[in-house]
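For clarity, chains are labelled A, B, C and D in written order, and residue numbers in each chain start from 1.
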Amino acid sequence: MITMTHYLVFSALLFCISVAGIFINRKNILLLLMSIELMLLSVNTNFIIFSHYSNDITGQVFVFFILAVAAAESAIGLAIIVSLFRARNSLEINLINKLKG
Amino acid sequence: MINNILSLLIWLPIIAGLFILFYKKDDKILNIFNISINLIVFILSILLLNNYDQNSSNFQFVENIDWIPSLNIYYFLGVDAISVLLIFLNTIIFLLVSLYNSTLNLKKRNQYYSSFLLANGLTIGVFSALDAILFYIFFEALLIPMFLIIGIWGGVNRIYASIKFFVYTFLGSILLLIAFLYINSSISSFSVLSFYDTSFSIVEQEWLFIAMAIAFAIKIPMFPFHTWLPDAHVEAPTSGSVVLAAILLKVGAYGFIRYVLPVVPLGASSLDIFFIILSLIAIVYVGLVAITQDDMKKLIAYSSISHMGFVTLGFFLIFKLFDNTNTNSDIVVSLSGSMYQIISHGFVSAALFICVGSIYDRYKTKKISDLSGLLNQMPVYSWFFVFFALANCGLPGTSSFVGELLIILASFKTSFIYAFLASSTLIISAVYSLWLVKRVIYGELKAGLENSIDANFLEKTILFVLALIILILGIYPDYLMSYMNMTLQNITNNIIIKI
Amino acid sequence: MEKLIMYIPILLLISSVTTGLLSKRLSNVHAGIISSSLVFVSLILSLFICFNIFSEESNILYDDFYQWISIDSLSIGMGFLIDKLSAMMTVVVLLISFLVHVYSIGYMRDEKDFKRFFSYIGLFTFSMILLVISNNLIQLFIGWEGVGLVSYLLIGFFYKKESAIKANLKAFLINRIGDMFFIIGIIMVFTLLDSFDYKTIFLNLEAFDIDKLDYIYGFSYLDIACFFLFIGAMAKSAQIPLHVWLPDSMEGPTPISALIHAATMVTAGIFMVARLSPIYNFADVTTDFILIIGALTALFIGVIAIFENDIKKVIAYSTISQLGYMVAALGINAYTVSFFHLYTHAFFKALLFLCAGSVIMSLHHKQDITKMGGLREKLPITFYCFLIGTLCIIGFPFTSGFFSKDLILEVMLYENTNISFFAYSLLLLGALVTTVYSLRLIFIVFYGNYRGGDLNKIHEESYVILTPLIILSFLSLVSGFAIKIFVDLPIFMFGIKDIHYEGLIPFITHGILSPASVTLIIGFLIAKYLYLDNKKISLLSSKFLVMISNFIKTKYKFDEFFLSCSDLMKSISYHAATKFDIKIIDSFVVNGLPRRINRLSSFFRSISSGYLYHYAFLIVFSLVVIFGIILARVL
Amino acid sequence: MDIISILFYLVTSVVILSSIALIAVNNTVHAALLLVLIFFNTAILWLMMNAEFLAIVLVLVYVGAVLVLFLFVIMLLDIQVQKTVSKKLYLIFSVVISIIMFAELYMVIFYHDFENTVVENLSQDTSNTYEIGLLLFTEHIFSFEVTAFILLVAIIAAIAINMSDRERALRQDPAKQILETKKSRLKIIKDNEI
């Protein structure tokens, strides 16, 4: 029998992997963005799990909003990446340290 | 008009200063405008001086308007005799400085004048504010024009000097603000009058005293906090130095007599020995340091510190005096000496800085080793210089003697050692002042120093006025003494009541 | 009468200010005449006042011009107190000042800064009068510093000469050392007796219970106060060891040496002690000290003069030596005697200086006596005046010096204590030394052959210069006969010390028969033998004596001592400035604190690398940690 | 073990493995394709939880639009695939951190003991899409409108960001073209000048 715990553990595992993805990846900012998408996915999954098992549809409405906002975010993110690439001709993260104090 | 004269004195130069920022076309009009504003302020201060009733010890010309009543902050102005005299000193120095400035070649003339006008108004504000927060705001805002004057029109190393000046004094004022807020938290008022009625425990008073005393000690400056002053003086333009020495240092001394001694006398009396020692160190040690300075401005700056040591000595002797005699007459003598020294030093140091500045304008050097025998080239200047140098070493008949005499007198009544060390200034100040005169003024004219003109009419007028004031103050000091007497009696009573 | 007194300083001030400020408008001669006549008017006024004072017994004029300071109980006025002492002193000061004014019109006529000079001596006379007529200690101090100031300005009158400006700085600083102690002394007196005013001081002193006096290390409070006051007098009146400024002060113009550094200013110390004599009466230890200092000065500084070759410096040393006599007389509380010597000395020393000035002027500003000689025929008037001056100083019978010096010696002998006898012997030896150097001067300068080139170019100066000489010679000769006045002179309110004086004739006979006459004769013989006949004595070239004379020629190394003091001060100052002030306070503390903060901030700066994954890592890491903490609490 | 369990384990293992692959690969195209796989499988999981509407939206919007956008960008940018080994230190740190994080999450999950939560399929009769629509257009209508506005802003922002520097954009300027002369375009360099 697949219980709520199974789902939750899966979702947690997915989240942790995507967190590791953010650190491990130091070459390509696109992969970073993908890791973030993955993270959002795990979060959404969590919403759906709780919505399902507590029988409340509102959680799914939230997922809907998150999906919309995530789409918008990835669109802007990609736009930034494009202009960044134009400016620096590279997407390597370890070359981007303009914030250095 | 006479009822709102303080507001007028404060805001007229400030508004004029802001106004002048927008006009930069004609230097002549700027000069006339600047001088006339300063002249008006000066005349107003004479009115103030005349209309002040010296037989009353209350604050006069009081203006009390709601400002931020929810935080107990009021626009509360008023003066007693010491404020009036300091305001008068302030306006006359600024008038002379504005005259002097009009003889200079300047970049950004309108902004320069604007800074001075702002400083003028703000200093009057400092001296007339009776609300601690209002005082604090003027006290801090005063830094801005001074910072700009040093930082923009200063010498080579001006950025370092101006930042040092700013940070140093700012650091002190934070402590001051904390002290004010603490007092407010217990009496929920920022008015000086209610400060005087407070009664804190001795530990509280000690802490409050330390916080406020450091703020003002930096401003004066007292011995270990003094190193910003020589740097600031060396880099500041001449008029900036004049204002710095004649006015800004007095703000610290004023703070002591208005906010420290009467508010936390117990704290002050339990820690006064440190301040007496620091003052004596300032007198002897800083005086010694002044002797071998090669930069004239630095020398005068150190001598200023040494002379301000007398002021603080006079302030902090009072508790020991009271312990010894239990009467207030000695305390009044000591405080009178300090106040007199403050006013006298304002004029003497201003005059010396103007002299040095004029030498710098002509020869582009302040180094003593580069100069010699100026008497041959510009006799009028040189004689004024000699006169002011003599005044600086406390020659009787000049104003500096009076303050020093009274303070040495007071210090003798507490301890022979204090008096001995304090009177050693007679020798030390003579050494640095007259050795300076010997090397710069006397002797054969050094090659390469020819072709400079003597003082022009305006400069002669400025120096003559200063010399005249110094002489009059030295020959007939009783006018000021009796003018201040009631106020100082009142302050003394405020202090004694709480001990 | 009181009004008249006020006019004296005012007139002098006017003289100083007009010649000083209107220097461009006035011609030299006019300036000289104006200031001389103003001084003359004040002289007449002072004479008038003096006669008035003497015509009525113990009449004292006392009032304040104005209140200088009044704070509660402390009140200091500017005023005057004219008794016989100050009235006579005023007359002496103004008389000599007037003569020097007149003399200077001739002497300084070629100077560029003629009017500045007159302004200075006007100011000097003003300050001196302020000092003399003052009725309180603060005004005394103001005048005291004022004359010091003018002395400073006048020594540096030739400001281009390096030696002159060194000398004036030295003079002022040494005087300042004295002044520092002087002001402490004044304040000590004030603290004890609660007033600066003479009248109140002395009244309080009379009422004061001497037994209640504090003792510090065995010295009474008054002893110490008087000691400090006397240090001030030592500096002003050039007593060992603070005498070093006076010989150097001869860099100033010669009339100044006559007025300030011989007749008036240097006697201010004597005047001060005489003025405060009621207090000094109680200071037994200090008066002994004064006596010793005076006697030592009188002898040992006199000895230096024998080896000095600068005509002005010889007279300067003789001045110091004569001041030693006065101080010694003060040391046995014989204030009037001291004052008598002050009074006669003022005339003959001014005379000597003015004569020296005349000689110097005739020789075109040569001062070295080895380059002079045989000037007797060429400068007859100067010679006779100089001779009179010399006779006075060596105490030749019937001259003024005879009376005053003999009186000092008599009183000293009469005192009859161990210490006074010691001082007496020193003073007697001093008298011998005085005779030797004075006669040496006159023999070398006016006798023998001229050693400086062509004698024929030399001629007497104009009568503007000679008239004051003649007047002074006359005064020097006759002033001694006023001895009765001085012996009876009451110093202020207190009775005088009993002075053994039987009348003029017995005094003269006694004086002629005293040991002083023996020293006179011996001195004359020595001087004649050595300097007039130029005989060599083999004894003098013995090793021991040469060593001693070489030591004397170094002036006992006092100059070196003060120089090393000033070097010490400079090096302390230099080290304090560079090592302590700049290095420790400024660099270490003041700028060190921001440096620490900078270092801290640069550490934090290195943490924020700008890399996204670093930030992300930090965020996640702190998230994990916070989460862990919450978890640990919940579970 | 029922079919649901098998499906669950299958799907989850695919998702986990491909997500591990996703963070490990260097090739961006591969990564994007792996992401497609992950999304598809997650959609299956969502379907298993009766969230049909969202599962379909995920496939349509994410796989169909967003990931295609990713692929477009990847192709547009022509990124060189660089094979550089990540520093071991980073690897260790990240793995450790994620393991700790997982452990913490795991503890939370088991602490709450969600096993007891019972699924009551009350809404079997109405469709999931209907219910979401009902909620979305009644209670959350304002949020919905805001979302729409956010999307609009995103569109405009994406355009604006890439429009910003005009210098680099290749554009014809007829006026400049006319003014060009032969001399200004051509420079003859002689032998000795080289």
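The definition used in the following text is that a contact is a pair of C-beta atoms (placed from the backbone, for glycine too) under 8 Å apart; a residue touches a chain by one contact, two chains touch by 3 or more.
Just so it is clear, the structure is predicted and the values come from calculations on it, not from any experiment.
Looking at B-C and C-D side by side, the one with more C-beta contacts is B-C. Subunit C has its Cα centroid 37 Å from the Cα centroid of subunit B. Distance between subunit C and subunit D, defined via averaged C-alpha coordinates, is recorded as 101 Å.
Measuring from the averaged C-alpha position of subunit B to that of subunit D gives a distance of 69 Å.
Taking each chain's centre as the average of its CA atoms, subunit A and subunit C sit 97 Å apart. Looking at subunit D, residues 90, 93-94, 97, 101 sit in touch with two or more other chains.
In subunit C, the positions touching at least two other chains are 613, 617, 620. Residue positions 19, 22-23, 25-26 of subunit A each touch two or more of the other chains. Chains touching one another form the pairs A-C, A-D, B-C, C-D. On subunit B, the positions that touch subunit C within their shared complex are 164, 167-168, 224, 226-228, 285, 288-293, 329, 332-333, 336, 373, 375-376, 390, 393, 395-397, 401-402, 405-406, 408-409, 412-413, 419-420, 423-424, 426-427, 430-431, 434-435, 438, 441-444, 476-478, 481-482, 485.
Per the touch definition, subunit A reaches subunit C in the complex via residues 19, 22-23, 25-26, 32, 93-94, 96-101. Of all residues in subunit C, those touching subunit B in their complex are 66-74, 138, 141-142, 144-146, 149, 152, 156, 159-160, 162, 165-166, 168-169, 172-173, 176-177, 179-180, 183-184, 187-188, 190-191, 566, 569-570, 572-574, 576-577, 580-581, 585-586, 589-591, 594.
Chain contact summary for the complex, subunit A toward subunit D: residues 1-10, 12-28, 30-31, 33-35, 37-38, 41, 44-45, 48-49, 51-55, 57-58, 60-61, 63-65, 67-76, 78-83, 85-86, 91-92. Here subunit D touches subunit C in the complex through residues 90, 93-94, 97, 100-101, 104, 107-108, 111, going by the rule given at the top.
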